[in-house]
Structure formats: C-alpha cells, structure tokens
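Both of the next two complexes hold chain A, though its partner changes from chain B to chain C.
Let's look at the complex of A and B:
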C-alpha cells in the first residue's frame, strides 16, 4: 500500500468513528463535552506515559478514557450542587485538568519525548510510519488498526443499543419510566466518546477531534429529521471531509488535520446555503415568495371589498391603486403584474377585475 | 552585590508579570461575569480558538510580529467567529453548543493550515503557535502591561457606561427588547468587550486555558452575592488574585508554567467559594441540614416523652 492511501484510509476511519457518537452528542446538546474530554484527558495520558514510557501503549488509551469519564463525572458533580450551571461546570473542569497535565509535562517530562504539539495538534502524516509487523510481514499502520477497532466498537454499540439510545436521546424521562436506565446509556456513550477521542488525538490532535465529532453530525442535522439517516449522512460527510481535506493538504503542503477541519467548515457552509427547506437560499426564496403572495392577497381583498359597489370603478383603476393601498407606485405595478401572471385578476383597459380564482383567494383570506 | 542586583532585577520582572496578570485577571473576571450569567461560559473558549487564523493572516499581510498587530488580527478573527456563531444560531435549528464546537474547531484548523503555510515559507518558527496555545506570561513586558491596562481599561469603562443596558440584557432579554433596546447591537457590544478581554489574555494563559479565566472568577463571585454590582467587583478581585498568586507560585520553582498555575489558583478560589461562601456554600448547607435534623430529633423525643407520661 502506498502512503497516500494509508493516510486517507486512516483519515476516513477516524472521521467515521468520530462522527457516529457525535450524532448523539449533537442531539443531546452535549457537543462541547467532546471539547472538554479531549482536553481533560491530558493528565491521564501524561501519567500513563510516565508509567509505560511509550506513546502507543494500550494502557495510555485506557488511562485517558478513564480520565475522560472522570471529567464527565466531575462536571455532573459540580452541576448537582446546583451552584454552577452546566456550561460553567464544563468551563471550569477541563481547563483545571488540562493545567495539571501541562504542569506535569513541563515539570517532570522536560527531557522525555512527549511533545505537547503532538498531543494537541496531532500529525496525520506520521501515522503510517508506525506499522504493525508480524512474522516478517507488514500488516499496515498501527493507527489504522486502533481506529478500526474503535470504529467497530462504536458501530456495534450503536447498532445493539439503537432503540435505547434513540429513546434516551429524545425522551429521557420516558426512557427512565420504561426502565431503560438512561444514566447507564449516558455513561456508555461518554466512555465511547472518551475512547474515540483518545484514539483520534494521535492522528488529529485534541482540538481538531472536535471538528470530526461535531462537524459531520451538525451538517447532517440540517439535512434530515431521521436518526438513522443522520447517522449514515454523518458517516458520508465525515469521509468526504477527510478525503477532500487530505487532497487540499497535499496540494498546498499544509497540516492535514487543519485542512480536514477547514473542509468541515466549507462543507457545512455549502450545505447550510443550499439544502432544501432549511438552507439560507431556500429561506431567502421563501421569504421573497411570501412577500409577493401577501401583497397579492392584499390586492385581491381590496378589489373584493369594493366589487359591485358604486365606487368600484375608482377603486380598481390601476393608476390610482397605489394610493388606495398606500403602496409605492413601482411596487404596486410589480404586484399587479404578479397577480396578472397568477390569473388572480384580469385587466380591461385601465381597470382591474377579479377572476374566479382571485375571488376565491380573497374569500378564503377573509374567512381565515 | 551582584547577587543583590540580580535579585532586584528578577523581582522587577516578576512584578511586571504580576501586574500584567493581575490586570488581565481583573478585566476577564469582570467581563466573564456576563458570559457566565448568560450561560455562555464556553463562548470564551470558542473565541480564543477562533482567533488563531486572525493572528496568521495579520502576520501574512504585514510581515510583522508586533504584538499589537497580532492582537488586532486575533480580535478581528475572534469577532467574526462570534458573529458567525450568532447568525447560525439565529438562522438554523442547530443548538448553541454544536455551533460553538464547529466554529471553534474549524477556525482553529484553518489557523493551523495558515500556520503551516507560514512555516513552509520559512518566515516563522513553531514558538508562535506554542505561545498562542499556552501563553507566555514570563515574557510580559512593561509595554505589554501598558497595552493591557489601556485596552482593558477602555473595555471596563464601556461596560460601566452601558451598565443598565447590559444588566437588562443579561437578566431579561425579552423585556429589554419589548421596551425598545436594540438587543442585537447590545449583544454584539458585549461580545466585542469579551473579545478584547480574550485577546489580551491570550499572551498570558493561551487559547486553551482562556475560558477558565473568564469562567472561574465569575463562578466564585456568584457564590458570595446575588447582586450584579458586587459580583462583577468580586470577580475582578478574584481574577486579579488568581493572576498574582499564580505568578508568584510559578516563580518559586523552575519549570512551572505560569498560565496553568494561574488557572489552578482560580480553580482553588472556586473550590473554596463553593465550599465556604455564606448562604450558598456547601459546608454551611451541610451544617444547617445537620442542625435542623438534630432540632427535629429533640422535638420528636420531647413529644414522645410527653405522650408516654400522659399514658402512664
């Protein structure tokens, strides 16, 4: 396998592994928990590193995942005192843990190889260099196996507990009433997020892992109302971001993780603009259409009110309409044209008369 | 004699760093109060990360590493990031926390891309990024203290001028809107003040830990009072206290970074406040609980004794 392929495979597997639990974080309004966990696991990593003196030991992942769950516990403990709100509890906990990690590193690990940049920023380009070898064969990069295992773990967890996760996410009290133990589900999910974050920081670092966890699900959330579809879309978007980010990085010779995050923002922006119904363009077009339809309704109601009465002739003269409706003359002309196109009114010389359709619209609007 | 002058010089440096950290703590403590009360504690985290591309672009455009230019770039990027957050929240159904997360991480990622681009042209060294992430309190100079003092002072004065409006925005946004205050403008104003506090703080504690400087003093102050005026004042004092004590502690031994120490000091202040603040403090609550339980018990015992005597 060549290096390009290796890196892209690792990037895709990491992106999908992060996006799947991310869907539930986004839906449960706990997205920033991933930010907190990814920073707070630092002291866990440092302590495990002191014990094993290796950055790729499985103990590291366990210790860091443990610290991640500890973070969640601490945040909830703070919240339960009712003295601190959730957002502030998160904002207090992870900087404190992170500070302990930084102090530990600079105090005791000054000469050991534990580079802060690696922990925080990661470097995908180096990931394929660390390879799994058995019986003299090269079986591929270790990172691919680590993230692959985590991906399988996440997929199996979501598949097996799909019903429980869905219920606990959308109606926690019903889940509790039915005996589904939402707390257990919650901690299961948080453990997954911790493990995924630790696995991913090797490749993308602890700040950009947030882009992988939050980006694709948030983008998918704009596109669908179905949980199953959101999971699938998130996985696809995550892969697209990963691959396009990789090629962007190779093109300009810049940080791969940074480029993937940049693509995450660009893809989010594109979907945000163009998605039907909820996109910016769709919203703007709907607003414009509603403006004209409202004006047209006002016009037909005006005509309807005076229909068949002695003043009808004066009230329906096109040249004077803007005064009766107190509109701008050019706007009035545009509305008349719009109504004519829709066959709500018909024009004979300088008068407007209602068509059947226009009369129906006016009647309906007045009844409502 | 030489030792003595070295000692004085050291103390002078320490004093400058201490004053700088105290000023930063004051500004971020006071302004952080509003963020915490509006439940936007993590906005600071997002702004501080979103500032990275601004620093890179400022450097790319001017080729200068002057702190004021970089701070300006950081402020513009952080400000744009916040506006983006506000408009996404307004225009879509995406929740606030997801928007923060996505803006924070992707802006930072873009900053990283620009940073590697700069590195490749051989213009800058890695140190720039490390400073951004962790701050470098030890390098605070007299001129920096002046910058912090002036900009931070302006931010605080603006806060005082718009005291009434900001108070209303924090506690009853709907009412403020209904009596005709320009809510969105005030929101932008408050966030801009926050941006100033954050970009000033980046140098001392760095992007990762900046959120603690906004949140911790305010949370601690919240435990002591229910009045906004007192809370802002206390938060400013706690921020300054954390800045000074963190600077002093980190100077007592080698290889203790200042930024994280300041954050830990602030965390300790929060812990003490949550435990011991009058009325709200956990310890007093526990004591009250125990006392009322023993009161109840003596009362129940008395009743039991009375009824036993009567039945005899």
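Let's look at the complex of A and C:
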C-alpha cells in the first residue's frame, strides 16, 4: 500500500466514524458538545501519558473518553442548577478542563513529545508512519486499526440501538415513560462520541474532529427527511469531504486536516445552495415566483372589481394602470406581460380584459 | 384496604417540589376505571407535573401512586401517554407512520425492531384518527391538528388501559377537536380510563364525565355535575375568573 492510499483510507474511516454519532448530536442540537469534548479530553490524555509514558497506550483512549463523559456530566450539572444556560455551561467547562491539560503539559512535559500544534490540528500526513508490525510483516498504519475499530463500534451501537436512539432523540419523555432509560442512551452516545473524538483526535486533531462530526450530518439533514438515509448520506458526504480534501491538500501542498475542513464547508455550501425544495436557490426562485403570482392576483382583482362598471374603461387602460395601482410603470408592464403569458388577461388595443381563467383566479382569491 | 374494585389510578399524599418550591401539595386523587377525567386549573397549577409524576417522569418528594394497585414501573404496558405537541422537534427526519410505530416500541422492548404486524397496527390507528392518507408525509409538513392526531394514533397503537394526555386540544382546529372528543368517548365506551389535561372550561361539561380541579393542591375531584361548581371554580381560580353557569 502506498502512502496516498493509507492517508485517504485513514481519512475516510475517521470521517465515517465521526459522521455516524454526529447525526444524533446534530438532531439533539448538541454539536457544540463535540467541540467541548474534543478539547476537554486533553487533561485525560496528559494524565494517562504520565502514567504510561507512551502515546500509543489504549489507556490514553480510555482516560480521554472518561474525561469526555466527565465534561458532559459537568455541563449538565451546571445546567441543572438553572443558574447557567447550556451554551454558557459548555463555554465554562471545556476551556477549564483544556487549560488544565495545557498547564500540565507546560509544567511537566516540556521536553516530551506532546506537541500543542499536533494536538489542535493533528497531522494526517504523519499517520501512516506509525505502523503495526507483527512477525516481520507490515500490517498497515496503526491509526487505520484504531479508527477502524471505533467505526465498527459506532456502527454496531447505532445499528443495535437504532430504535432506542431514534425515540430518545425525538421524544425523550415518551422514551422514559416506555422504560427506555433515555439518560442511559444519552450517556452511551456521549461515551461513543468521546471515544470517537479521542481516536480521531490523534489522527486529525481536535478542530477537524468537530468539522467531521458536525459537517456531514448538517449537510445530510438538508437532503433527506429520513433518519436512516441521513445516516447513510452523512457517511457518504464525510468520505467525499475526506478524499476531496486530501487531493486539495496535495494539489496546494497544504495541511490535509485544514483542506478536509475546508471541503466540509464547501460541500455544505453547495448543497445548501442547490438542494431541491429547501436550498437557498429553490427558496429564492419560489419567493420570486410568489412575488409575480401575487402581483398578478392583485391585477386580476383590480380588473374584476371594476368589470362591467362605468369606470371599467379608465381602470383597465394599460397606459394608466400604474397610476391606479400606484405601481412603478416598469413593474406594471412586467406584471401585465406576466399575466398575458399566463392567459389571465387578454389585450385588445389599449385595454386589458379578464379571461375566464383570470376571473376564476380573482374570484378564488376574494373568497379566501 | 377497601374490598371494592381497584382504582385505575390512585394518588395518595403526593407532593412534588422543585428545590423547596412545591408544585403539587399533598394531592389525593382516585380515578375509577372507565371514566373520562379532565384536569383543569390555572397556569402553573401543576397539571402537567401531576401527569408526569403518574408516569414516573418526575420524582415525588412524598406520596404514592398506584395504577391498578401496582406502581407505574410494573404497569408501563397498560399506560399510554400523549405528551404536549410542543414538547418534540417536528423537524425531526421521520414520517407519520414511523412516529405512530414508536407507540409499539414499549411492547417490542429493547433492540427488537418493529415488523409487519406493528406496521399494520400503526396503519389501523392512523385510520382511527383519519390520517391514513398521510402515512408517508414528513412530520414537519403537518398542521397542528394533524400533529395532534398523529400523537393520538401513537397512543392508540399502544392499546393501553389507561390513557394520560397532556393538552390534546391545544391549538387544534374545530374539526380535529370534534374528532378527538369522539375518540376519547370511544375509548371510554370500551372501558378505558382517560385522563386529560384541559384548558377550556366551557367544554368540560360537554366532553368529560369526571373532573379534577387543581391549583397546586387538589380543590375537588369527582363526577362533573357534582364537582364542577361555581364555588369550586372560584376556589381554584381565585377571583380571576368570570364564569357564567
């Protein structure tokens, strides 16, 4: 296996592993929590590092995951006092824990390899260098095995408890009433997020973890109304972001993590603009159409109200229409053309006359 | 211990407090089987809290709650709950049939997925509330009345004995209100016990046969014609109500 392939595989596996629990975080409006966890696990990593004096010990992942769950617990305790709102509770908790980690590193680990830059941004480019070797064979990069295990863990958890996760996310009180222990499910999910974050963090750094967790599910949410499809789309989008980000980074010789985060935003932006029905472009089109439809309705109602009356000739003269309606003359002409195209009115010489269809529209609008 | 038939719901000396602020003070309530009971009282009277306490969703500071002589944990399967419509996120990516099927989750238990039979039961419940044409509709595209019908269908599919409903008439149109009332009366006719948190005093006598007047403490409860009196209402709402009868 070459290095290109190794890095892309690690990126894809990490992206999918993050996107799956990310779907539930997005639906629970808890994406900020992943940000908090990804920072607050630092003291856990540092303490476990002091104990084991190794950066690859599995204890590191466990300690960090523990700190992650502790973060969630602290935030919820603060929130439960009702003196602090959720966002403020998050804002207070994770910098405090993170800074404990920073102080520990600067005081006791000044000459050890525990680099702040790598912690924040990670370095995918180095991930393939750390390889798993057994019996003289090279079995591939360790990061791939770590993230692969986490991906399997996440997939199995979500597959097995899909129904419970769905119910607890949509309607926690019904879940509790039916005996499904939503708190247990909540902490199960949070443990998963913590483990995922720690694993991913080593490969891609804490900033990219948040992009991987929040980006693809938010994008997928725009595209579907079905939870199962949202999970699948999130996984696909995460992979697309990972691969395209990798090639973007190779092309411009920049940080891979940075490029993947950038692609996450670009892909979100593209979907946000173009997705049918609820994308920005579709909404703008609909608004524009509604504007003309409404103007047309005003026009036919105006004609309808004066139809057959002595003043009808004056009220329906195209040249004077803009004065009667107090519209801009150009706009008036456009509306008249729009209504002519839709066969709501017909034009004979300088007068507008309602067609059957136009009259029906006016009547219907007035009834409502 | 009385030898008469068991109460559907029996609440004794129930106090619920948030910190030291009581939300419910020493509530006693007996609901006989097969009645259609409304809980009325001003905002902040503790109506929703009472329902949640019966369902074990809030922890009482004192008192006891029994459903057919057993605690709620032992009776989950015979109790069905309709939360307030506003308590969930209707932008959740799911459709009408799927939400109704959630009512089957209790019977399924952990891990087991709903199957064909559950789907059929859900369809049947949707027919009962007149929503069978909306099975694949995304839930965010429903009107308030339709959302409420979906919630009712979800409760019906549980095929419970006791139904607890939190403001099912909140913000629904007149047609839906009629449909819900018919549904509630059908449930009672089939021997079910239905408890409804209700806001509209004008309709209490028309829709319900029992009423509980609540304002942190229980003012009165019993058959509507004995209990729903101007005196009791005045005591429940203080001087703040001009109620003609």
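Assume the second predicted complex is superposed on the first by the 368 of 368 C-alpha atoms of A that agree within 3 Å, B and C clash if a C-alpha of one lies under 4 Å from a C-alpha of the other, contacts with A are read in each partner's own complex, and residues count from 1 in each chain.
Methods note: contacts are C-beta pairs under 8 Å (C-beta built on N, C-alpha and C of every residue); 3 or more make two chains touch, one makes a residue touch a chain.
Predicted, not measured: the structure shown is a model, and the values here were computed from it.
Novice: In the superposed arrangement, which partner chain does A:161 touch: chain B (first), chain C (second), both, or neither?
Specialist: Second partner only, chain C.
Novice: Which of the two partners, first being chain B and second being chain C, lies in contact with A:95: first, second, both, or neither?
Specialist: first
Novice: Could you tell me if A:340 is touching chain B, chain C, both of them or neither one (first, second, both, neither)?
Specialist: After superposing on A, A:340 lies clear of both chain B and chain C.
Novice: Quick one: is A:132 in contact with chain B, with chain C, with both, or with neither? Answer first, second, both or neither.
Specialist: neither
Novice: Applying the touch criterion given at the start, work out whether A:232 contacts chain B, chain C, both or neither, answering first, second, both or neither.
Specialist: neither
Novice: Between chain B (first) and chain C (second), which, if any, makes contact with A:282: first, second, both or neither?
Specialist: Neither partner.
Novice: For A:178, using the defined touch cut-off, is the partner it touches chain B, chain C, both, or neither? Pick first, second, both or neither.
Specialist: In the superposition, A:178 contacts chain C only.
Novice: Tell me the contact category for A:221 with respect to chain B and chain C: first, second, both or neither.
Specialist: The answer is both, since A:221 touches chain B and chain C.
Novice: Who contacts more of chain A, chain B or chain C?
Specialist: Partner with more touched residues of chain A: B.
Novice: Could you list which residues of chain A make contact with chain B in one structure and with chain C in the other?
Specialist: In the superposed arrangement, which is not itself an observed complex, chain A uses residues 221 for both chain B and chain C.
Novice: Could you please specify the touching residues of chain A with respect to chain B in the complex?
Specialist: On the chain A side, the touching residues are 26, 29-32, 34-35, 39, 81, 83-88, 90-92, 95-96, 98-100, 102-103, 106-107, 110, 116-117, 120-121, 207-211, 213-215, 217-218, 221-222, 249, 252-255, 257-262, 264-265, 268, 272, 278, 280, 283.
Novice: Could you please specify the touching residues of chain C with respect to chain A in the complex?
Specialist: 52, 55-57, 73, 76, 79, 81, 83, 87-89, 92-95, 99, 102, 105-106, 108, 110-114, 138, 140, 154
Novice: Using the touch rule from the top, collect the residues of chain A that touch chain C in their complex.
Specialist: 27, 160-164, 166-167, 169-171, 173-174, 176-180, 221, 224-227, 229-230
Novice: Can you name the residues of chain B that touch chain A in the complex?
Specialist: 36, 39-42, 44-45, 49, 88, 91-95, 97-117, 120, 126, 129-130, 133-134, 208-209, 211-212, 214-216, 218-219, 222-223, 255-257, 259-261, 263-264, 267, 270, 274, 280, 282
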